[in-house]
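Have a look at these structures, which come just after this line.
Below, subunit A partners subunit B and then partners subunit C, in two separate complexes.
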Partner chain A sequence: MKNLLPLLFLGALPGMILAQPQPSAEEILRRIDKQMVTESAEATATMIITNRRGRETRITSRSWSKGENTSLVEYLSPAREKGVKMLRLEDVLWMYTPSADRVIQISGHMLRQSVSGSDLSYEDMVDNGKLLDIYDAAVVGEDVFMDRPCYVLRLRAKDDAAEVTYAQRKIWVDKMRYLPLKEERYAKNGSTLLKLFEIREVMKIGDRWYPKEMYFKDVLANGQGTRYIMDDIKFDVDIPDYLFTKAALRE
Partner chain B sequence: MILFKLAWRNLVGAGLRTWLNVLVLAMAFILMIWGKSVVDGMAYQLYDAMTNIEFGKGGQLWHSEFDPLDPLTIEDAHAVYPEELAGRIATDDVATILVRQGTIYPEGRMQTIMIKGINPGQKAMDLPTDKIVVGSTGLTPALIGQKMANKTGLTQGDLLTVRWRDAGGTFDARDVEIVHIMNTVVQTVDKNQIWIPIADLQLMSDMDGQATMIALTQPFEGTPSSPVWVYRDLDFLLRDTQELITAKNAGGNIMYGILFAIALLAIFDTQVLSIFRRKKEMGTLMAMGLTRAKVIGLFTLEGSMNGLLAFGAGFILGSPLFYYMAVHGYTVPGGMDDLGMALGNTIYAKYGAGLMLGTTSLLFATVVLVSWLPTRKISKLTPTDALRGK
Partner chain C sequence: MFRFLMKGMLRDKHRCLMPTIVVTLGVFLTVGMFAYMKGVMGDMLNNTSRLESGHVKITSLAYRSEIDLLPNDLAMEDGPGMLAMLRQNYPDVSWSERIKFGGLLDAFDENRETRAQLGVGGIGIDLFGPDAADRERWNLQSGLRSGTLPQQPGDILMAEKLAGNMGVAVGEEVTLISATVNGSMSLQNFRVAGFIEFGIPPMDRSMILADLNDVKRMLDMGDWSSEILGYFPIPYYDDALAEALRDTFNVVHSDPVFMANDTLTFSANLDHDASIDRFAPYMMSMLDDSNMRDYYTYVDKAGSIISFVMIFAMGIVLWNTGLMGAIRRYAEMGLRLAVGESKGHVYRSLLVESIGIGVVGTVLGTIMGLGLGLYLQEVGLNMGDMMKDSTMMMPTIIRARITPTAFYIGFFPGVIATLLGAGLSGLRIYKRDTASLFKELET
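Entry: the complex of A and B
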């Protein structure tokens, strides 16, 4: 009987968690931001793009980020993409292609265009902004997604928020890990679903839960979506500032 | 008159040699007129199409940030209409155009396009914007070109989801109905773009009363009162086309020059040979009282008459070709508009007075010069030596 006590305790744990008072929508966003937004990070990831005929293209990349608006992504493979770099400095994105040895600026609408035929835009690739700064949120229900109990939140862009890509979002937040397991990103009209985002696998690094595998789908486009797998990630790493300069792109 | 008769008799007497010279010169003349008329026709069609369809007869006002060759400028290239055009805008005398970037998904394929808002009643551009009226679905009506339709597989009545960003950078989307597909040779109003009422685009983008450019029916007098607007006259707008035509003319001129040089060489050669072989004849003419100047005149006239005959023969032999090219034109395999030129599939030759008179005069002057050059030797000729054939 004594040996069964821990098991009984573990069995009751979800119920105990669920019995806790529901945090406010703002608190949920704050906890999501704490998990998802990083001060600095260095990561290696694989992007798997599946076209509508089921053909897969894999792109591996290494990325470095510092704060919300500074990041660098370098493609490692396939050979034709190797060496391509994307540097985000505030609202401007610079792209370097080694074959042309040119640095070009990508801004405005082009930031919202597809990266290498994937369901991710350049903006999605380098996004590290805090939801709490951009959206007003309301808990609109509870649901179970991928066997995980979730809060369902409706997010609406704040009136005073600077450039917001998606005016409305509906997110399913894991009640225990505070990760947005599913997101529906809507157009300004509120009814047209533009993009679907899912976290399909998570990992724990230190005391932080972080997505291991993500799934993006541009709902208006054909194709079977894009998986983004985080192969390796380190948080709070020391990254030299010169890495985030245009000059460093050619190195 | 006697010189003319003598020259004519000598020319006809030379027989085959004369007619061969005339034929070669006539062919060069025909090819030159044909080539130049095609380039002139091409230039006319280009200017006409671009002025009437793309720019408007009075040029355009552009937002100072706007650069059609740099898509990055479109984001910020919008401003309220210039005050001085308020009256003309109210009467649809000008075309107000707002340009935004957007994305469409024909058959599920993502495609970046330009969304162009225009006042449907505009009179400045020869576009069927009057067809942009709300259809049976009640959705925003859209006009596209045939090339855009071919590329996307869209047909009249189709619904198309368009995604764009408003002034704050937020994505929005709505369905539009393709209400008309236009046929145009000007790709810059066709490829990768849709035309919708400007009022709709202003509403969609939170840019009420704003435009990116304004096409005018008459040239803008003076300078716009707001520095945000810049007047681009037709000289500016057609500069690239003008440079293209100049380059084509230059390339053609080299070819015509070589062709004509061959023809002139035949005349020059004939003249040199005549002066060498007809010295006794020259001596006799001088002994009979003709001055050296008149003998030079006779031989120059003979040579020049080759040119006159060649022009006559050229007009007669070339007329069917000239007529065919003017009426039926030259159909380019694949179409020049696929190469980025607003020409359509057929180029029609254009024969202006400048082309005909200019080319004929230039060629005739050259023939006279070439005929005269070898005769300078005659001025050193003494009648006695000439009679002995020295």
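Entry: the complex of A and C
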């Protein structure tokens, strides 16, 4: 009987989880931000884009980020893109192209344009803000996505939040890992769906669950969606401030 | 009789001078306006074919379905192969390749920081290849306002007004920001070789011209071709010829499934069957391109109606001149009948006189109208100030065009209307009662 106790305990575990009181919407957002928002990170990723002709392009990049509003992305391949860098400093995005040896500011409507023909916009690419700071949330239900039980939340941009890319979102949050496994991102009217986002594979780094493979689909574009694979990521790394300067872009 | 009448007309200025002047002016206006309208229409079609659509244009089916968006990512593959085939199979037509694109032109300072930035439209044409036909079609040398034509790859021509708005100087390096066919942002530096005036307001505000191969490199197009334009060896667009070539070409070279479903609209047809090769070539005539056929039909009909109204109105005026002439000479007719001249003879002499006046007035009016037409054809009317905010592909200098019809169109109002006027009013001669002629003459 004594040996059976652990088995009984394990058998009761799902029930214990389910019996836990449901966290509030704000608590869910706080836990998501804890998983997704990093103080500093260095990563290598591959973006797989399928264009309208059905052809696949792979772009590998290395990125560094510090806080919510400072990041740098450098393309490593293909050859034509190699050396292209994007620097985000607060709300300003700079792009450097070695072939023209120019640093161009990307602003206004250009921020909403596709990055390298993918389903990500420049805004998506550099977005690292905390959901809790931007959105008011409400739990609107529960669902199962990719065999994972999820909370379904409806997010609406706070009145006092700075201008946000997506005024409303509907997210499916993994109940155990607190990752937003699926997102529907809407325009201000709440009915025009702009983007679909899915986390298709996750990885555990230390005590943090983080997306390994993501899928983006610009609903208004004709392509077949973009896969974004995190090849390698390190958190809380020491990155010199000099890296996040315009002068460093040309180096 | 004719000689007698002519002498009478020349000696009596009241009988001939005023009617001839009226006929001359009427015919002058008719011929001049006809040439002007033909010129406006011809200029519009010529400019459209020269700069925009060719007499025929070949694109991929997919490109054609979104042609207004300039979808270079849907271009035909193996452009050089297609051009070689066209030049071999259709040697009478001059073929050239074009790429249209949009982007931002960025002028920078000595620190390579943005100084000025404006949205531009660009066209890539073959500036350095062995076939100079397209370069000549653009007439670049005469439009050049400063600097030189592009001398080497990497050189561009910039609309003079655009350069002024951006504060760019000849010889300066600028960056063109655009998107490759894969969707990546593309930044390419070019040297501004010269400034050009296209003479078409929308182009003068925002257009640059670059070499085709430079544009292909910038857009990462490889040997793809967006548009191949064909020109018949005739100065003006011939719709029947273009349609015949279009139909022949599409049957042989376009997708057979797509061509079999021609009752559907273009995009619906393309989406109708997944087996359709969306990148198969498709030829369209100039009027098919960007729905110009409806516009052409509308303008052509409107032009015909305006010409008809003009000729009709001038006919009424000249008819009235004939009527007035015969009525004014009421007493003279009575006297001639009274001295024994037959009614038929008087009536015929009136008709012969009107023919004489009509012919002389028409010849003079036609010569003057052709002179005006020739002046407007060579010099033109500069409407630049009126059209500075126009978004239509219309030239700022409107020119007339003298066609064979202009040589005889004045004869309808000039001779026939005058003859009809005289003939109708002269019928009253037959109603004159010989017995009461002297009584009428006393009053």
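Here is the rule we go by: the second predicted complex is superposed on the first by the 237 of 251 C-alpha atoms of A that agree within 3 Å, B and C clash if a C-alpha of one lies under 4 Å from a C-alpha of the other, contacts with A are read in each partner's own complex, and residues count from 1 in each chain.
Note that in this section contacts are C-beta pairs under 8 Å (C-beta built on N, C-alpha and C of every residue); 3 or more make two chains touch, one makes a residue touch a chain.
Values in this document were obtained by computation on a predicted structure and should not be read as measured data.
K.L.:
Once subunit A from each complex is brought into register, does subunit C clash with subunit B or fit beside it?
P.N.:
When both complexes are placed onto subunit A, subunit B and subunit C end up clashing with one another.
K.L.:
Touching A:Ala157 in the superposition: subunit B (first), subunit C (second), both, neither?
P.N.:
After superposing on A, A:Ala157 lies in contact with subunit B but is clear of subunit C.
K.L.:
What is the contact status of A:Arg80 with respect to subunit B (first) and subunit C (second): first, second, both, or neither?
P.N.:
second
K.L.:
Could you look at A:Ser118 and tell me whether it touches subunit B, subunit C, both or neither (first, second, both, neither)?
P.N.:
The second partner, subunit C, only.
K.L.:
Could you say whether A:Leu220 touches subunit B, subunit C, both of them, or neither, answering first, second, both or neither?
P.N.:
first
K.L.:
Once the structures are superposed on A, label A:Ala167 by its partner contacts, choosing first (subunit B), second (subunit C), both or neither.
P.N.:
The answer is first: A:Ala167 touches subunit B but not subunit C.
K.L.:
Touching A:Thr192 in the superposition: subunit B (first), subunit C (second), both, neither?
P.N.:
First partner only.
K.L.:
Looking at the overlay, which bit of subunit C runs into subunit B, 63-71, 225-233, 351-359 or 405-413?
P.N.:
So the stretch of subunit C that bumps into subunit B is 63-71.
K.L.:
Quick check on my understanding: which residues of subunit A belong to both its subunit B contact set and its subunit C contact set?
P.N.:
52, 105, 113-114
K.L.:
Per the contact definition, I'd like the list of subunit A residues that touch subunit B in the complex.
P.N.:
It comes out as residues 52, 105, 107-110, 112-114, 157, 163-167, 187-189, 192, 194, 218, 220-223.
K.L.:
How about subunit A: which of its residues touch subunit C in the complex?
P.N.:
Those residues of subunit A that touch subunit C are 49, 51-53, 57, 80-81, 95, 97, 99-105, 113-118.
K.L.:
Spell out the part of subunit C that touches subunit A in their complex, as residue ranges.
P.N.:
73-74, 106, 108, 112-114, 175, 177, 179-180, 182-189, 220, 279
K.L.:
Give the list of subunit B residues in touch with subunit A in this complex.
P.N.:
Those in contact with subunit A are residues 71-72, 74-76, 100-103, 105, 107-110, 112, 161, 163-166, 168-174.
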